[in-house]
Structures are given as structure tokens and as C-alpha cells.
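Just so it is clear, A, B and C label the chains in written order, and each chain counts residues from 1 on its own.
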Amino acid sequence: MILAGRVVLGIACLVVWHAAHLALGAEWISSPADIVTRTVEIAIDGELWRHTLATLTEATFGFLLGGGAGILVPFALRLSPRLTAALDPFFAAAMGVPKLALAPLLILWFGIGITSKVMFVAAVVFFFLFFNTLAGVRSVDPRLASAVRVLGAREWTVTWEIAWHTALPYVFAGLKVALPRAISAAVVGEFIAADRGLGHYINNARAMADTVGLFTGVAVVTLLVLGIDTLLERLQARSLAWQPLTRDAGV
Amino acid sequence: MSDTAAPLLEVRGLGKRFEPRGARAEGLWAIRELSFAVGEREFVTIVGPSGSGKSTLLNLIAQIDAPSEGEIRFGGRSIASPTSGALRPGWERQFGYVTQDDTLLPWRTLADNVLFPLRVQGRLDAETRERARRLMQAVGLQGFEQHYPHELSGGMRKRAALIRTLVYDPPVILMDEPFGALDAQTRAQLQADLLKLWNGGRKTIVFVTHDIAEAIALGDRTLVFTRAPARVQSEHRIAIPRPRDVRNVYGLDGFPELYERIRKELA
Amino acid sequence: MSRGQALRDRLVVAVVALAAWQLAALVFGAHWVSPPLATARRFLQLVADGELVRHAGFTLAAAAGGFLVGGLPGAVIPFALRRMPRLAAVLDPYLVAGYGVPKLALTPLFILWFGIGLASKVALVASVVFFLVLFSAAAGVRAADVRLVGMARVVGASEQAVARHVVWPGAVPFIFAGFKISLSYAIGAAVVGELISSNRGLGYLIQAASQDFDTTTVFAGLIAVTLLVIVINEAVEAAERRVLKWRPADAQPQRRLVTAA
């Protein structure tokens, strides 16, 4: 019953979409059929893969760079509570910086090639992972840490056993939020200045009044992000099997 | 025992002050001028009103926290004083500590939790594994080895926490109201389990509780603490012969008189 | 650690950060890293000639407009859906997918439809804010339902009374939390819209300056955006503290450091 409703709604959406396409004209809204046709076209001539690969490369390297740093730094900060306390207000301020506004500066610094987008993605991802991991590391139960020390664990074990496990759900929450954003950051970076990538493809289509191209590019990006979202959901459910109830911790 | 041989564990003039926080300008002494001694293989229970610094005392002995005054001696050596430097939790595995709330690692299975101390101490081998298995069996945890803590009942988690400490055989075990949050039935069962295990290989135990009956039923000797700042108000030797039937403490020889006496002191 | 020491430590961190910034400017050259003093001077100059206020005003207008257009329906819809569980179930996967759609990647679409002016930014911001508020409000409605609605029904409250006296008050904090989170996203989205295609706004200021290789203005613009977000966040927190004065201090989220053991 509900499933049927969902299917009907999906079909209705497509119908409305197509009606809008007919009513408003092809230069404003492309029909779903045209988008599919274009997708197949650019898939065959290789353009789709070239741009997708560029975007995914930027997103991946930026994600690894920013994510790795974002996860490691909070653990490093465990070593010096005093430094952490001193940095605290600066963290709060850094949280306020709209990271996306950094794109022009990074393009200025690193050029319109892949490097600037990698750095941009890294900047965006870093903050997500950093704040989430920091919250996780800070939520370590001191009683648990004491208990483990009494049992004979060294500080290294405390970090690994307690801080890591406590932070893990937060890290996952951060990864889950950051991974799709890594892709959209790469795309936004490409909107602003690039010679490759899905964002470049979309922007180019807009400049050439190629509405079908614009819609196709946006559709590909959207499906990519939603696909990765779903994948992550599955992965997380698996590795946090020990958790009793809620799976979503963190910010 | 404490008055015949040299004590194993000695607390001398111990004091712990908590720094003032917020509006309260004065710091708060949880413990002050506290002295007592525990002999080897002695089971000492401590009763006192809630908030009387009993947990603080165990934290100081376990070296989770540092004293503000006085010292703690172990085997004739001073191991903790305001000037003794960095804390060494558990004093090199000499002190086991079973706390009020269970501190099992939620992301490890029951078996992994019990084996955890052996693993971090680098002592995990066939022999210690067998020991762990036997202990788990003794308290009825067999069959639950692969369960995560949140899948177990409160009583089972308590048993696991107890076994986790017994498995690496520390000479002294500190227990902070370990059975506090359990229903009466489970509690009696666990008390019986504890006595059975203790009779099997006598350890030195310092057992904190606010339940007078529990203090008498389990201990060789019980110390009655004052309100904070805690000091020893009185001390009672418990002459009830072992083995004792903890399910029927009121029927034990000499129990009612002792219970009445301590109750009046605490009132 | 004493309070004075913490303050001193923070001062040291600030000085070190400034020094590092200055050093970077010296090492890489002012063309790449605008030195602190020059940036401050440019910032003041932009304030003095009204440029900054004009651009910030545009960005704020885009953010506020989108905030209203997206936020209000986002707050109301979960209440409407509460009475229609079947419709809610049908819509659920679509709303979840809508939440997951990378709205910023839709910017060129909005520009195609609404032009490069204010309207396209409002639409972009609204699309971002709508889903954030929607899911916060939905969580609030759910939380209220679980805990209290059953009790209210047991004591004989009518459906309307339940909605007004139980669900609504219970959900309000969640809606506010959603609004609060959305604020900085709203500004971020407005800035992104301006970066990509605009003729006004802080994003435009930054993007135009970067195309002129005017690093100093890029820096000043970034600082302006950051300040805007920080000021708005602080204002909201101050307002929240006033409105929620009755709440015990413990119930308020901790903003200070709790050092992990």
C-alpha cells in the first residue's frame, strides 16, 4: 500500500516534470527522456567518465588529506590539554568560517587545475572530521579510562582502546556527512574555475545555454552523492554492531 | 592480621580536598586525617553515610586521584603522597578495582572484556585463558562469551567486571559498592559468589558499601566512617565463622547485635 | 589550570597565529598571502566607503529571504504530516533523498531559472534551509509523540489539545535548533551562489577580487564573511540564553572545553 503510494508518487513526479518541460519549454526544463539520452551519449563517447573521474579524484584525494588530518589532530591534542584549552575559542571561530568561501583563494593559490580542488575539498572535509572527532574524543568516559589504566593498560592502549572506540561513532558521523560534501565541494570548486570535472561540464553547459547538458550534469552529481550516501549507511551499520541503540552520534 | 603482622596496606593521615568550583569559595575536604591498616588476606569492609568520601578513598588507593595530605603505604613502602609525582593507576597491577558503575568496554564482547587485562599486560596464554574460562563458569557466565555488554543483565555485567579483575590476580582488590544497583536476589547471589571465590584463593579486599548487613556478612572487620570529611569512627571485628550463608545473614551468630551497634553509630 | 594562565595561553596562540600569518606573507609575498596589516587596512577602507556594508547587506538579504522561504514550510510540514501517517510514509524516501541531494551543485539550475540576481540566491538558500529545518522539526514531533502524547490521551485530551499543549511545545526546541544550525548554512549557501554567478554580495566581492589577483581584498572579504557568521551566531546564542533563562545551566549545551581523560 505504502510502497504502491511511493511508486505512484514517483511516476507522478516524472509526469509533472515532463509537463513542466512541455509547458515552459526545453530551454528552461529538460525532459527526463532527454537527460537519459544525453547521459547515454556522453557515457559512450567517454566524456561522462572523464569528468566523473576528475571530480572523484579531487574528492578522493581531498577527502583523504582533509579527513586524515581531521581525525588525527584531535587525537594529537589529547597529548596537551593545555594547548587544547588555549585553542578552544579559535576552534569555535573556525567553525564559523564558511569554508566554501575559500574556493577563490585556493584557486588563486593553486591554479585552476586539480590541486586547487583537492585543497578545497580537504579544507571542507577537515573541519567536519575535526569537530566531530574532537567531540568524540572529548566524550571519553573518564571512569572507563581510569578503569583501563588500573587494569594495567599503558597510555597508548587507553588512546587506542577508549578514545578511538568512543570517537568512532563520531568519526563515522563525520565521514558520513563529509563524504557527500567532498563531492559537492569538488563540484562547487569546478563551478568557479576548472578545466575538467562534472562541475566544469555543468558550468560549461550553462554558458552554452545547453539546458540538457546542465540537467544531465546535475543529475549525475546528485545520483553520485545519493549512491555514496547509501553505501556509507550500510558500512556504518556493520562496523558499529556493538552499539545498543542510536547509531547517529555527533554533530 | 593488622594487629599481629605488619600491615599490607596502610593509610596514614590521608586527606583529599576538592578545589572550589563556581560559587563555592571554599574547597571541600572529602577525607581528612584518615588512618587505618589492612592486613594481608584480610577482607575489610567500610560502611559510612553516602557522600562520606568512601569512593574518594578507593580512588586514592587505586591511584586514580592524588591525595592532598598524608600518605598510602603498601608492603612497607610509601606509594602515594602529595609529593609522590605522577599517578600510577593500579600501582603496577597490585590493586584491582571494581567500581560502582560497571566499566566494561561496550565495544568488546564479554569474553574480550574478561581477557582484556591479560591482553594489555601481555599475559594472555593457554593457561590464563583456561583460568578465565573457569572463572566465567564459576559465576555462570558460560554461554554468553560472545555477547556485548549491552546485551547482558546488570547482574551479569557485575559478574563480568568482578571476573575481569580476578582473572589477573592482583594481591589487593578494591570494591566500591559493586552490588549497589542490583535487586536483592541478584545481590545475594553475587555476594555468595564473591565469598566463594574469595575462599578459593584469599585476597586482600577493601570493600566499600553503605549497606550495614553487607558489610557484616562479607568482612573480617568493618570500619565505620564519619560524614565528610571522612575519618574512621569505629572499628568492629566480625567474629562470625566462615563459610557464611549470606542468604541468611540475620541468622548468623552475633549478627543482630553488631548490626544494631553500627546502625546506632551511623544514625 | 588557573583562569589567568588560560587567558595568557590564548593570547600566546593569537600572537603566534598572527606572526605565522605575517611570516607567510613575507615568505610567499604579498601577492599570494596578504599581510595582516594590509588586510586590516583594506577591511577598514571597505567599511569606510560603504562597499562592505552594501555587499554584506546583499548576502544577508539572500540568506534571510531563503531562510524564511525554506524555514517556515520546513517547520510546519512535520506537524501537518503528523496527522497523515500514510502520506508521511509515502513521502519519506523522497524527503530523505531530497535531504541528501547536494543543493550547492544545483546552483547553476537556480541561476538558469531565476537569473543572477537575488532570487536565485534566495532559492538556493531556501533549498538548503528547508531540509535542515524539516528534519529537525520532524525529530521534535517524534520526540513529543513518544513520550507524552500517550499520557495526554489517557487523561482525555482531545487531538487538538494534544497538538497544542504537548506536541508543539515539545517540538519548539528542536525547531529552534534546526533554525540555529541553518543560519550559518544559509550564509554559506548565499556566498556560494554569489561566488558562482552574481554582481553583488560578499561572495561576489571575493570572487571578483580573486580574478583581479587582488589578494588583499580576498582576505578582507573572507574575514568579513567569517565575522558575519560569528556575529550572527553570537546574537542567536545571546537571544537563546535570554529566552531560555528558566532552563538550568546544566541543560544548556556545554561550549567550554571538557578535557577528556
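To be clear about the criterion, a residue touches a chain if its C-beta (ideal position, glycine included) is under 8 Å from a C-beta of that chain, and two chains touch if they have at least 3 such contacts.
Predicted, not measured: the structure shown is a model, and the values here were computed from it.
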What chain lies farthest away from subunit A once each centre is taken as the mean of the Cα atoms? B
If you tally contacting C-beta pairs for every chain pair, which pair wins? A-C
Just the number, please: Cα centre separation of subunit A and subunit C in whole Å. 18
Averaging over Cα atoms per chain, report the distance between subunit A and subunit B in Å. 49
Measuring from the mean C-alpha position of subunit B to the mean C-alpha position of subunit C, what distance in angstrom results? 51
Check: subunit A positions touching at least 2 other chains come out as 141, 146
Touching subunit A in the complex: which residues of subunit B? 59, 62-64, 89-90, 92-93, 95-97, 99, 101, 103, 105-108, 116-117, 120-121, 148, 150, 164-165, 168
Under the stated contact criterion, what part of subunit C meets subunit A in this complex? 1, 6, 9-10, 12-14, 17, 32, 86-87, 89-91, 93-94, 97, 100-102, 104-109, 111-113, 184, 187-188, 191-192, 195-196, 202-203, 206-207, 209-211, 213, 215, 218-219, 221-222, 225-226, 229-230, 233, 255-261
Of subunit A, residues touching subunit B in the complex: 141, 143-144, 146-154, 157, 161-162, 165, 168, 241-244
If we count contacts the way the header does, which residues on subunit A are in touch with subunit C in the complex? 1-2, 5-6, 9-10, 13, 28, 78, 81-90, 92-93, 96-105, 107-109, 137-142, 145-146, 163, 180-181, 183-184, 187-188, 191-192, 199, 202-203, 205-206, 211, 214-215, 218, 221-222, 225-226, 229
